[in-house]
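One chain, subunit A, links the two complexes that follow: it is found with subunit B in the first and with subunit C in the second.
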Partner chain A sequence: MLKIKGIDAYYGNVQALKNISLEVGPQEIVSIIGSNGAGKTTLMNCIMGILPVRKGEILYKDRDISSMKTHLIMRSGIVQIPEGREIFPNMTVLDNMEMGSYSVKRSKSEMKAKIGEMYDLFPRLRERKSQKAGSLSGGEQQMLAIVRGLMSDPELLMCDEPSLGLAPVIVDEVFDTFVRINKEKKMPIIVVEQNAYIALSISSRCYVMENGSIRISGSSDELIVSDAIIKAYLGG
Partner chain B sequence: MNAAVLVQLLVSGLAMGFIYALVGIEYTLVWNSTGLLNFSHDKLIMLGAYLFGGTFVLGMGFSNPLAIVLAFVIMGLIGVLIANGIFNPLRTMQSMIFAVMGTMILGRIIKEACRLIWGPAPFAISGWLSGNIRIGKISISNANIIICLVSLLVVIGLQLFLNFTKTGKAMRCVAQNKKAAALMGINVTQNICITTAVSAIICSIIGILIIPLFNVSTTMSNSIGLKGFSAGVIGGFGYLPGAIIGGIIIGIVENLAVMVLPAVYKDVVSFVLLILFLLVKPTGLLGKRA
Partner chain C sequence: MTKKMKIRIAEIIILLIALLVVPLFVKNNYYLLVFNRILINAIVVLGLNFITGLTGQMNLGMAGIFALGAYASALITRYANISPWVGLLLAIAVGWVIGQCLGYPSLRVKGVYLSLTTIGFAEVIRLMFSNLTDITGGTQGMRNIEPYSLFGFKFDTQGKMYYLFFVITAFGFFIAWRIVYSKWGRVFKSLRDNAEAVEMSGVDIADVKIKAFTICAIYGAVAGALYAHFMGYINPSTFTIDMSTNFVIMLLIGGLGSVIGNIFGAIIVTILPEMLRFLDDYYLITFSIIVLLGAIFFPNGWVDAVVRLGKKTINIISDKRAENGKAVSR
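Now for the complex of A and B:
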């Protein structure tokens, strides 16, 4: 579905990504783990066209999207739930959700059904629907960000650091939801995480990033028991 | 000093206040959308007045409503040009000074172009928003009443547009977070064009409304441009209701000041207010963010 072939990216003159290649197949959950500053978010930004790619190509459904504008990439079906949630704080929860489906034309009844479907995913948002999004707790904001991303019925979901700053109970709830979405909608998901254990436990394959390049890749079941991963990322 | 004079001063102050509020709103729209201060907008106000009065009414002899619509269309297009020519290319540069210089120079260009096209002599448009209403001893000019009503309509219309239409909500998204807006599939560049067009149309509304007060000249909007900026600061920069409150406060205070101060100091009052607010409460009356 998504095929990244040897991309390089720079912030000014500083190289942030070195020859990254990666692949996401239909219906699978792929995780990208690594420490702070490894380039995970940079990679997400490159896929979405927020940061230009200097070398290599990003193929989505066999089409090179590496020089497309962000909103067009989004409209072609890739949705990124950005790190730090980036919800619209001065808008209500409901407005935030509606903005998530900005790119989709829906009738009023279709919109209502879609929003209802989202409330079923995270019932807590229903109680908060007319509250300003900025007044929500961190966990609720993350739920809103996920729901906002799902509103446009993406074909590929990318979630950047969903566990950041959340209580462990809520982290579990969020990741359970990813597994559920993946199963029910057959939606491929990329999860970028510092929390290696939870990322490995829900994904089928995993890429480990370090200093802007991919160090290790393989099936999550194998990586979760490998010595190198346990030492570096699982606190072994 | 009698009550009739006080009421008259209050009404004309309120009318000027609404004008400042519109200018402040226009600053705020562009500031929120692009993160830039548009220092050419007082010249856009003047350009709107020249297009309406100089070209469509006096030049081509169109009826007033048709001239207004045509002025809106042309100003909207000019707004799109400014967005594509200045705001979008310059807003991502390392310093916002580039774009601010760009808008200042644009203001110069518009002013000199007006002088070349329509000549240096100020002119009036006879019969446009003229006349008075008398209630007992109180005499209020029609222009002031129409300014208040039209400004109210613009303010209400803008609020409805920003809160209930898809494009308006997208404009608010772009103002709050450009990256997240793009991730929602909003074309940020195009959205900035729309915002700038809306703000240019508001400029032409202001320009057309103030013709009976200042006539049409290249300097007609100099002071209201700066006072509208003060309105934004006093109310709380970047917050639309703040711009409205700030504008009305400046309009009324400077008009009432005439009762105690010599009339030549009228313009001083609003800038003293501006400096006081910058010193004491730089976030403005309704501003939340520092």
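Now for the complex of A and C:
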């Protein structure tokens, strides 16, 4: 689905990404782990066209999207659930969800069905539908952000630090949902995480980033037992 | 349709009827003139609501837009010797052009810098009109601008103009209402909340911002054109920053983002200074203090404050009734 070939990106004169190559196949969950400042979010921003790429190309369904505008990339089927939730705090939960389907034309009944489907994913949002999104708990806000992303029927979901600031129970719930979405909708998912253990445990393959480049990559089952990973990221 | 919407619509209908019968009871020309000013101001505020109220970008250049509308309409009526209605159409076109032109800088400059840009724009327009002496008459202004007429019927008295402006304002209100509560309105509002997330939702922010500015400028220019033919005399010194800030005050008092609030804001801010005239020299300072206190204590606008107060009293009354009921049953 998504193929990244040797991209470089800069913030001013500082090189943030060095020769990153990465691939996401259909129907798989890929995780990207790494410490603070490794360039994980930068990589997401490059894919979404928020940060321009200086070298290399990003192929989505064999089409180069590295110079496309953000909203067009989003319309072509890639949805990013941004770091730190980024919901609309002064709008109701329902309005937030409807914002997510801006790029899709839906009749009223289709919209209702879609929203119902989303409530089934996270039943707690149904109770909160007319509440202001800013008044939700952190976990509920994260659920809302995921649901908003799913409203536009994406073909590839990218989630940036979904566990940020959430209670462990909620983190489990969120990640279980990713597995469910992946299985039910056959949707490929990219999960960017600092919490290496949970990311490795749900993904089929994993890339480990450090200082703007990819250090290690491989199947998650192997990485989770490899010494280097245990030492650096799993606190072994 | 939800219950809330039904109540809202009922409120609007009552307001419309109340406004429609006004000239039947008020025969005083001065009062009617104030009412006409309210209607014109309301159109401007309805437009300003899109840019400052919904998308949350301070526009302090409304006077410039207003002046361009006024002069465009007055000049074409004067020199091409045609109906003021054509002037109104020209004002709409001018509004569209300014909206597109002002929208672009708003993509790059934000916050206080955008306010400065819009102030600059308004001042440039004002200075342009005062220095193009040959065409606009400079600071002498333009006199004897023809009033509107329809099939030979001249809107030449304040009472007749009231109905004309009322229809146009109601039309503008209806359009603004439809836009605010549509998909676009939701996007405008979300832009104020969290611009980054809007982009993630597949919205072209540049396009939306320019749209908001264009709607705003069209409303402003139309109101300007109406003003020119209503007053019959325009002068560049009217269209100062004072006028722009006055429009922003109307928006704030009515409550940001609320279409009904826009109307009430225009009413309050136009009438209040007139009512305070008995204070002579102190009327402006009194007015300013009232506005300032309002901004501190009712940050969501006066209309919102009144509605909340009403709800509270209803709650207290119903609570008391419930208590009394219990006492009786015991």
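List of remarks:
The rule is simple: the second predicted complex is superposed on the first by the 236 of 236 C-alpha atoms of A that agree within 3 Å, B and C clash if a C-alpha of one lies under 4 Å from a C-alpha of the other, contacts with A are read in each partner's own complex, and residues count from 1 in each chain.
Keep this in mind: contacts are C-beta pairs under 8 Å (C-beta built on N, C-alpha and C of every residue); 3 or more make two chains touch, one makes a residue touch a chain.
Predicted model only: the values in this text are computed from it and were never measured.
After superposition onto subunit A, the partners subunit B and subunit C occupy overlapping space and clash. Common to the subunit B and subunit C contact sets on subunit A are residues 48, 50, 69-71, 74-75, 79-80, 82, 86-91, 95, 98-100, 102-103, 148, 152. In the complex of the two chains, the subunit C residues touching subunit A come out as 183, 186-187, 189-190, 192-194, 196-205.
If you check the complex, the residues on subunit A that touch subunit C are 48, 50, 69-71, 74-75, 79-82, 86-91, 95, 98-100, 102-103, 148-149, 152.
Taken together, the subunit A residues at the contact with subunit B in this complex read 48, 50, 69-71, 74-75, 79-80, 82, 86-91, 95, 98-100, 102-103, 148, 152.
By the touch criterion given at the top, residues 166, 169-170, 172-173, 176-177, 179-180, 182-188 of subunit B touch subunit A in their complex.
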